[in-house]
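Starting off with a structure, shown below.
Chain lettering (A, B, C and D) follows the sequence in which the chains are written, and residue indices restart at 1 in each chain.
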């Protein structure tokens, strides 16, 4: 079975790892879930899975590849009957794209089957896993999600709901979960609400009850025509069953710390998360960036597609024309030709092409969302210069990314982050730009509707910029010997 | 071997059928060709092929799928040695995506091997095919291109060049050809130059000679870093061999009639064709459209991706803000789930999602490049209204498409073209818009740098709008009984 | 992932479910294992797997299909390094040919990794499984083998050896196991020794120690040139580690009951099992059959391939010439054409063809190893008659099979066994033969070197003929309500 | 598309290249053809194809692999409608297993479609091909069969029948053809009848007409229940159309020279060819061999499967017991593990295993059908010795093969044929046997019912033994400069 080894050969971005989706009491639940996962495809392209339940049995299908590939066979869909379903998209962080790691995970318990889909990362997964193995638990996957499954299996509580809560109390980390048992579909956000999860409504499959939808982002509701009801709240367990929707809050209340990078890059621009429209947020960051880091130039050019809204905001605020100076080729297929030296020297870019007539002789403001290693940025700057740009000014719609993420995002080690190694002038030099600017912390918070960043009461998780990790890194600290003294 | 049955399930566009590419005296010719074909992927996504020549033998590989899929195996590339190559992308018009139809076609002749790649359509292919079969020629494919091959095979002339010209004189139609023999690579455009072909330059594989590149569009030169030299001229045969580049013009000169739809939709925005930058042309059409069909509104929203430049031009001229009110999902994979009635009723769109916060309560000017059957347009309008738009004004950056194309473009029958069946008010009603306007002929020509359209001396082939077919439709007329009296 | 749905579309035989193989301290252990599994291919054709250990890490590969298909890729073999390995062939009994069921099963325990390959069937697997699930154990496969794994995981003993023995004491059934941990390879036969397992010797990978091989049958030793050492004894645990080979016998001694059907049909004719050469046994059964059930005839014709040795014995004893009157087609490929009514009426046989010149006008003694449902036998008899045979006398080298097997053999329900439903004359009538005879119990035991069958002290498990089940059918009895009063 | 690179890794045999099959006026013609090809699978395992005709259109499917794999999909069979069909199995001789070489070849002519399936080899194919290319014909495959197609295409005769005869008169070589046009199915054998072809009868699809079957061997008739009518005669063209079966003999009569190796090895034992039952012939060769080359021994052991009937004849004549001393493993799958040195040294054999108890301490007469390079024979002799044989006497049921075949059989170059390089004592030494004997020419002819071989009037083509080539080797002689003086 061949795998898309590298769908994005030139991608130098933080990568959202997963999307979750769930449906209760909706006709064609699996098809609805497939559509939702398709809308959430940007949150994971390596593998996809759906488990459905028809009141009698659970059915599942999982595969490697895009949602449209995994579920394109009508026989596959026909084999997923029922009005309840959960689904999952996966972006593999470690290369171990094994089918057994593809979610939703499913297991038969004493109380019946249970399917669990998880977006996020547990910071004490290794510690718990070790304890469970010592107890005689056998792990089949290398995913954090299986930790939940075992904790539920060995819980001494009677109901699924109580067992899940029992499990939640033992884990730390960032997680949005969608869980389906014979009796209910449940949605959970971790106490800080780091990862998103929204609740929507559809006509019910049975007349007397509403249909419900859980989705990582609101764009997953839109594609199936579901009405947005509300965000699942940080620390909330939403339980949907025959008696309707109810809510349990098993944790002590904490100040929410939603992931600010969801606004900057991860989420789809047409989503609204925790009350903020992503597209508006990105445009507004561009506006703030223009105010903070003005420079004389002829054109504002986005690095497509993620840099487009901020570039529009920058252009609008600065009055400098917005132009598509870089064209993105979306037909990427699988890993491409092994480059020979000749081709490497040509500086070939599979995804981005310069629109020469727009760039030639111009002073160009290039707008991108972030700089991770800097490798792609350097290639793009070179490409723009080769196309004849007179000056290149790089504007970044996030602060410098200086720290790794441990909450469900695929990030390089700190030592590979350009901003963790170099100061601004050195970065500008390495990237080959005439000027370089990042949005300030206060600018970023202003764009999101706050006065400024208050270090003591930060509204968001911005650990990748600040190193201020709101959830304890249990496994990581243990490995590094932190706190063992 | 499974095939992407329908990469664009919702696509209601005219479709360019093919791209051609050729390389003479360049190191890693096959890899260069694969890159060129990748940049030309928008001109054909169903199949791809390369034939290379290393001075001793011809090697070939052809497959169904995207360029990146067909050529991703390093062993495939290693089996295509040499410094000369021709390549081809195919968009199948008739569903007969057989491997034997995938170009370049190759045959062994008395004088050695010959590879032919063809973009376009012959209007007398059936008539010639019948005559050749009567003579004892055996056809292996259903492509027009094979007609060239047989005409060359039975020509009584001695050299490849003379045999090719002998063949060209017998065919009518629109064609850009790239041909490779043991001795030369040749590029040809039909006498009217309906389809594009450009010539570029690269460092030669051998020190004493330049390397040359032929490509359907200039973006195929850019990706490999080739210097643009010039367009191949209408009716010109460019012959590249050891003695350099020379030119033969076997036809009586005629007024060129380049396909105007290349500017409107087919070509990539970063290409420059016959001296006009495609991106500029599209923006300028938007400007003209805003002048001709102004309307009070809150936002200008493009139908992505093709409507973006015209929408930018419209916004710039009208002063109404440009906003990304529709988000395009590029992760499409293969044909998707068979929709159930439930899902059909949801009006699900796999490729386009509404950006609700941008559309809600707004008077929206929607800019698209063309209306073919109108099916997709209607769905998009409905989607925009469902997202809360107060008004929808549709602006189209081409004149009404009322006629089929017989020059290499996949078009529905005339009876299925919305504009061939209905007048403007009826179309507006059927599409459900508050107002509808197309660019005028004169507006279109102005945007391309002309004063206006002169019906007696038209600079472009615009038969799909006007029915003024510049090349005789021999086969079509014979079928319809035209001119047989 | 496509599966050979039915490799033997016309097969109406009892089917051995599995083969096991293990290697300790031999160079290229995985390749040796693949060869051994290839020699044992007759014991399972649906799936195959190998786990190897190189002193540092465990590596595994499993796949559906023949050994030669699953392991033909050199990269697959290269990814199985080490001088220890265990392997498994699987014949799926229930159609659930899921990859997760393909053995060897592997799990990470507190004490490190453990790979388990199992041939046989546990008669109390369901009971134990239910208890384990109640305890919080999560089952990933539907195989009995996983029961071993969980019992080992939760055992309170410290060493792998003690934990394995702890597990063995809790299960009942027929099993030959090969188990590999970081420290040792172990071979186990159940207390009655129902399924076979032999021990062999090869040059060691390291100079100071011997290499050891465990194999379901001795033919698995022959193919790799291993010297036969001895059968693993019933109830014996053979432990191979750095200090050599040692033996543990954790069970009270019982009279062995080796499966007599291994001699009749399952084992390969070149194997020697429990001291008896299979080929000799089969020939001798033919001899006994000729003595017991003589009939005047012109030719003795085997149903190939399994009937050949008995037919040779029959011919030799009776003096009637042995002839290949039926030809077997070994090129079967995958499931074949859906037969239309026309083809069904033709009585088409994919595997067997009549050799007309041998059969025409002859009185034929047909020798086969067993009759299960009788469907294939009837077709073969009809075929022989249609080829012109004057008489057909069917001789069977086993007693009538009247009972299902619960010890690792795929058998139909009792109600489908011809001999369970009908007496001899009725069977002869249903099969359309002129006479029908089975070997007698005493004849069978004589052929195997015993005086006769002693019902109170039977040397073999012959439950499928006698209904005398030597191991308690815990799950089966529970389902049927046996013994619950 | 993956290919069985080498289905028979240890095979050192002459290989029949092809099988042909044709059906006229029979319901489910394509399914009948698939079954016939399955029965003829021994004549070609690399690829298979069927073209059917339903009175309106031709349909075709071709693929690489076994018949059961190529045609196992019911949709494939459903897409081959009609009551007429031709089919072909292919064994590739040169490794160019390209799909375009897979037969039946099909082309559209002026007079309609024509499908051609060919078993054999033309000895002047290159000469004709060159002339045709000079005339402007384009070749798509590298098969001889395409020469027929082009000669038919350019023939000036009006009817298909006359055009085919026109083509036949221009070619030399060995060929059995099955040809299907809109009007008829035709079967042809070359003037000497080197390759076999038989005619059979089935119930017609329409009431008023018989159904007819053409097959390379009679076993292809047996599997579909067709009645054997007669061999197509050497030099005969059998034409089956609406008016029934008629015969044309376009060539001057010659003494037939049927390939004697068909009796020795190629044909299936249950076939009857040119009036001789293959199985009887093989047994009788064994009898003659026993008379000619008696030796004291304990057992006669065949090299399975092809050596079995001769070994039976040898045993019967000599009175020495026939025993299965070598077991063949039919589960071969694809190319197997790359052998390491360790494994090479083990002398591993994938297909043959020694049956030790039969061989140990015995004087063994080993019977095989032929020796080509001698590589496999040597391995088998070594294996038998390693199993403990006291003596090994090798008896071969064909004369020494000293010459290549140019009539459709895959043979090594002469320099690689053991018997072409060495005399009998040296061969015995190289093979490591105690004695070696081949059947004599007269013995071979006696076994086939003749008095002896008359060199001036030989009844068979035995060129591979004698070098007496009955059909001129036009291409071969031209390459070697023979006859150019």
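Going forward, a residue touches a chain if its C-beta (ideal position, glycine included) is under 8 Å from a C-beta of that chain, and two chains touch if they have at least 3 such contacts.
These numbers come from a predicted model, not from an experiment.
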{"item": "Shortest contact path, subunit A to subunit D, counted in steps", "value": "2"}
{"item": "Chain of greatest Cα-centre distance to subunit C", "value": "B"}
{"item": "Subunit A-subunit C separation of Cα centroids, rounded to whole Å", "value": "51"}
{"item": "Interchain centroid distance [CA atoms averaged], subunit A/subunit B, Å", "value": "36"}
{"item": "Between subunit B and subunit C, centroid-to-centroid distance (C-alpha), Å", "value": "62"}
{"item": "Junction residues of subunit A - those touching two or more other chains", "value": "none"}
{"item": "Chain pairs in mutual contact under the definition given at the outset", "value": "A-B, A-C, B-D, C-D"}
{"item": "Subunit C residues within the subunit D interface of the complex", "value": "27-28, 31-32, 34-35, 38-39, 41-42, 45, 65-69, 71-72, 74, 77, 219, 222-225, 268-270, 272, 277, 279-280, 308-309, 312, 316, 321-324, 327, 329-340, 342-343, 346-350, 353-358, 386"}
{"item": "Subunit C-facing residues of subunit A, complex", "value": "1, 99-100, 107-110, 133-140, 149-150, 153-155"}
